[in-house]
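Let me give you the structure first, and then I'll get to my questions.
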Amino acid sequence: MTKQEIKNLKYDVALELLKEISQKLENKEISIDDLTDQVQLANQLADHCKGKLKATEDEIKKIIQTDAPD
Amino acid sequence: MTKQEIKNLKYDVALELLKEISQKLENKEISIDDLTDQVQLANQLADHCKGKLKATEDEIKKIIQTDAPD
Amino acid sequence: MTKQEIKNLKYDVALELLKEISQKLENKEISIDDLTDQVQLANQLADHCKGKLKATEDEIKKIIQTDAPD
Amino acid sequence: MTKQEIKNLKYDVALELLKEISQKLENKEISIDDLTDQVQLANQLADHCKGKLKATEDEIKKIIQTDAPD
Amino acid sequence: MTKQEIKNLKYDVALELLKEISQKLENKEISIDDLTDQVQLANQLADHCKGKLKATEDEIKKIIQTDAPD
Amino acid sequence: MTKQEIKNLKYDVALELLKEISQKLENKEISIDDLTDQVQLANQLADHCKGKLKATEDEIKKIIQTDAPD
Amino acid sequence: MKNDTKTYTLTQLHTSIENWVRESFSTKEIWITCQIAKSNEKNGHYYLELVDSKEGTRTAQAKGMIWRTNYGSIQKTLQDYGLNVSDVLKVGLEIRISVTVSFHKVFGMSLVINTVDPSTILGDIEKQKVATRKKLQTEGLMDLQSNLYFGPINKRIALIGSPNTSGFEDFTTELRKNAVYTNFIVKIFPVGVQSQGAVMEIANAINEASGYDVDAIAIVRGGGSKMDLHIFNHYTICEAVSSCNIPIITGIGHETDSCLIDEVSHASMKTPTAAAELFYMRIGMFLAAISDSNKQIQIQVRGLLAQTSGELQFYSGILYARVDEILQANKEALQQVVQNLQYEFNVFISSSKERLNDQLYYLQQSAIDHIRNEQSFIDTTIGVFFNNVHGLLSEQAPEELARQKDLLRIRLSFVLGTTRDFLNFTRQKLGLVDPTRLFERGYTISTVKGEDLNKLNEKLIDQELTTYSEKYTLISTIKAIKK
């Protein structure tokens, strides 16, 4: 999964993928060979989610603020 | 829902929609992805309702005032 | 209720309608959407009643005045 | 009550009716719708009574006057 | 009481009736409706009494005159 | 299997070979004559795996550490 | 029954009684009181049935009689008291009489009446008179007539009497033929003063006469016995006289006592003639009194009339004054009613206006309140909503994310740990089977034909056994096996 692909992910999908990786780990479904990549991916997904949250908050703040003087 | 569509909403319908959104949020039925849109909509609905209220109040006041000198 | 219909109302009926609207308002049975119309109607009913009162008063004055020089 | 009916009333009955109207008014037993009619009636009754008094006075004067030269 | 009936009344009876009417009037026991009739009757009674007196006077005069040469 | 060949092995493949040898040893399927060679190979494979594991662990630590201050 | 007892004939017996009665009673005069039960006159003789009774039961009865020969003397005695025999011998009357007892062989005993005591009868009449007078007094009827005005000139006279009787004739004749005044107008109300219904007739005549335009009423009767005149003591007649508002003059001829009618009437004269005299004499006296001067007459007449007409004027005056007052009072009352009505109308209208205004104001306030409520509701709803949104973004979602990352880390370290452990374990296991290591520690490995001993099933005796050690490889033959 490229960075670009991740960037295009929805928050829910990204969170789901993160959870899947976590689950796979629990189920020992990830090979040590793939482990680094998967952790890398998981990390990127979490970051992506964080970013999304931040962006959403900002947007909402903007919405509320433009509404505020009303 | 376009601004125009909102503008055409009756007060009761708009208030109902607002309540629904609020309820959904409380029930965690709104995804983070949709949150901005829903907040936007809720905000617009509230504005719409308030506007309607204000307009109604103004009209009533006007009616009462024309009535006053009598 | 058209202006004409209101015009044809008896005083007692008009007053009763006025009270009904007042009652409905108190019981929050009137939607904000209908509020202006209802207030408008109430106002028209009140105007109608006032008109009736005024007319009655005038008539009475006329009757009494024609009676006065006696 | 037609004019003719009023005309046929005895003074005492007319005065009683007049008092009744007054009483009804005091007890708010008259609708505004009927008020003009009642006022009209009261006026006619009062006129009738006045007329009766005047007529009685005149007749008595006549009786006394024809008697006067005696 | 017809004129004829009055005519047949004795002076004392007529005077008594006159007194009665007078008494009733004093006690305001006569309705306006009956007033004219009562006054009329009183007047007739008075006339009758007066007539009686007059007749008596005339008779006496006559007696005196027939007696005059005495 | 040369040391170079072992070095190029993926962790999973190396681990599989190791397990196979281990299994054979347990099942006494290895003749005494081959035993020393096989144990030698197994030791090399295990070392290879350990090395891979260590490297992966380090990389992950790095990934997570870069994430940590966040 | 013995035959030797002395026996008489009835005639003998009656003769004996007759003789005894004559001897004992014929010369004796006996006074008795009794009641007359029957009375018959025949050939100038009076035959009576005399009775005595106590509490309604007859206690004695006898025949009584007045002989024609005796009648004259009895009548004479009674006449002195204004009574007649015919009045006295009426059925039901209580009488006191003196009798002689006689016995006749055929007719039995009878009482021959010699004297009748008039005082008993008169006492009866007197008693009734007293009772009636008392009743009239109690009812206030005695003086009504005397208070009536009896003018000097009474030309129109109602005459109550029995035409063709002497008293009646006397009255009318006297009115017509006198030297004073004769121009009377007489209206006659004939009554039969002696008939049974005389009382009602006279009372009715009085009532009827009072309805006529007459100046006075004259009631005349040309005398009669005390009993005859007794009807004029009757209450009904006296009451009719008292109630009459025309002066009544009586002219009832009686020598002694007057009747009650005389007491209640305006004036009573001894005879009809005297009554007639009263009428013309009053006129005569009036004329005489005023005859000296015409002017004087005029003044007096005017004075008299003025007195009468004064009263008339007084009442007429009151009348007109009161009429004015009544009219005025009624006008004021009417005005009051009308004003009150107008006031009530105004109050009604203005209170209606107030109520209407209150209603409308209340309605408008309710509408504004309604809007305000909605506004604050929306504010609250949106406030809560934004709060929730903020909570979601700043707390719930980041926490969830962090939790997932932690979970990942934990699981990762677990995976890495278990992998490391597995590798370590494998290495240890390898160490255990490494022959080099085993030989170093002094262990040896024995095989038969290159096979593990434990896997061999065939007989091992005499088989060649190869044993490996650190330094040597030993070949030997199996001699025995111990289990």
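Side notes on the structure shown:
Here the chain labels run A, B, C, D, E, F and G in written order, and each chain numbers its own residues starting at 1.
Just so we're on the same page, a residue touches a chain if its C-beta (ideal position, glycine included) is under 8 Å from a C-beta of that chain, and two chains touch if they have at least 3 such contacts.
All of these numbers come straight from a predicted model, not from anything done at the bench.
Counting only chains that touch, the fewest steps needed to get from chain C to chain G is 1.
Any chain touching chain B that also touches chain C appears here: G.
By the residue-number overlap criterion, the interface of chain C with chain D counts as different, with under half of its numbers used by both chains.
Of all chains, F has its CA centroid at the greatest distance from the CA centroid of chain D. When chain pairs are compared by contacting C-beta pairs, E-G ranks highest. Comparing mean CA positions across the assembly, the chain most remote from chain B is E. Here the C-alpha atoms of chain E line up with those of chain F after a rotation of 105°, rounded in steps of 5. Distance between chain B and chain G, defined via averaged C-alpha coordinates, is recorded as 79 Å. Centroids built from CA atoms put chain C at 67 Å from chain A. The centroid of the Cα atoms in chain A and the matching centroid in chain D are 99 Å apart.
For the pair chain D and chain E, the distance between mean C-alpha positions equals 33 Å. Those residues of chain D in touch with two or more other chains are numbered 11, 32, 35, 39, 46, 50, 53, 56, 60, 64.
Counting partner chains per residue, chain G has residues 323, 327, 330, 338, 345, 349, 352, 360, 364, 367, 371, 374, 386, 389, 393, 397, 405, 412, 416, 419 touching two or more of them.
The list of touching chain pairs reads A-B, A-F, A-G, B-C, B-G, C-D, C-G, D-E, D-G, E-G, F-G. By the touch criterion given at the top, residues 405, 409, 412, 416, 419-420, 423, 426-427, 429-430, 433-436, 445, 447, 450, 452, 455, 468 of chain G touch chain F in their complex.
Across the complex, chain G meets chain B through its residues 360, 364, 367-368, 371, 374-375, 378, 381-382, 384-386, 388-389, 392-393, 397.
For chain A in complex with chain G, the residues that touch the partner chain are 15, 18-19, 21-22, 25-26, 28, 30, 32, 35, 39, 42, 46, 49-50, 53, 56-57, 60, 64. Within the complex formed with chain D, the residues of chain C that make contact are 10-12, 49, 52-53, 55-56, 59-60, 63-64, 67, 70. Note for the complex: chain A touches chain F at residues 31-33, 35-36, 39-40, 43, 46-47, 50.
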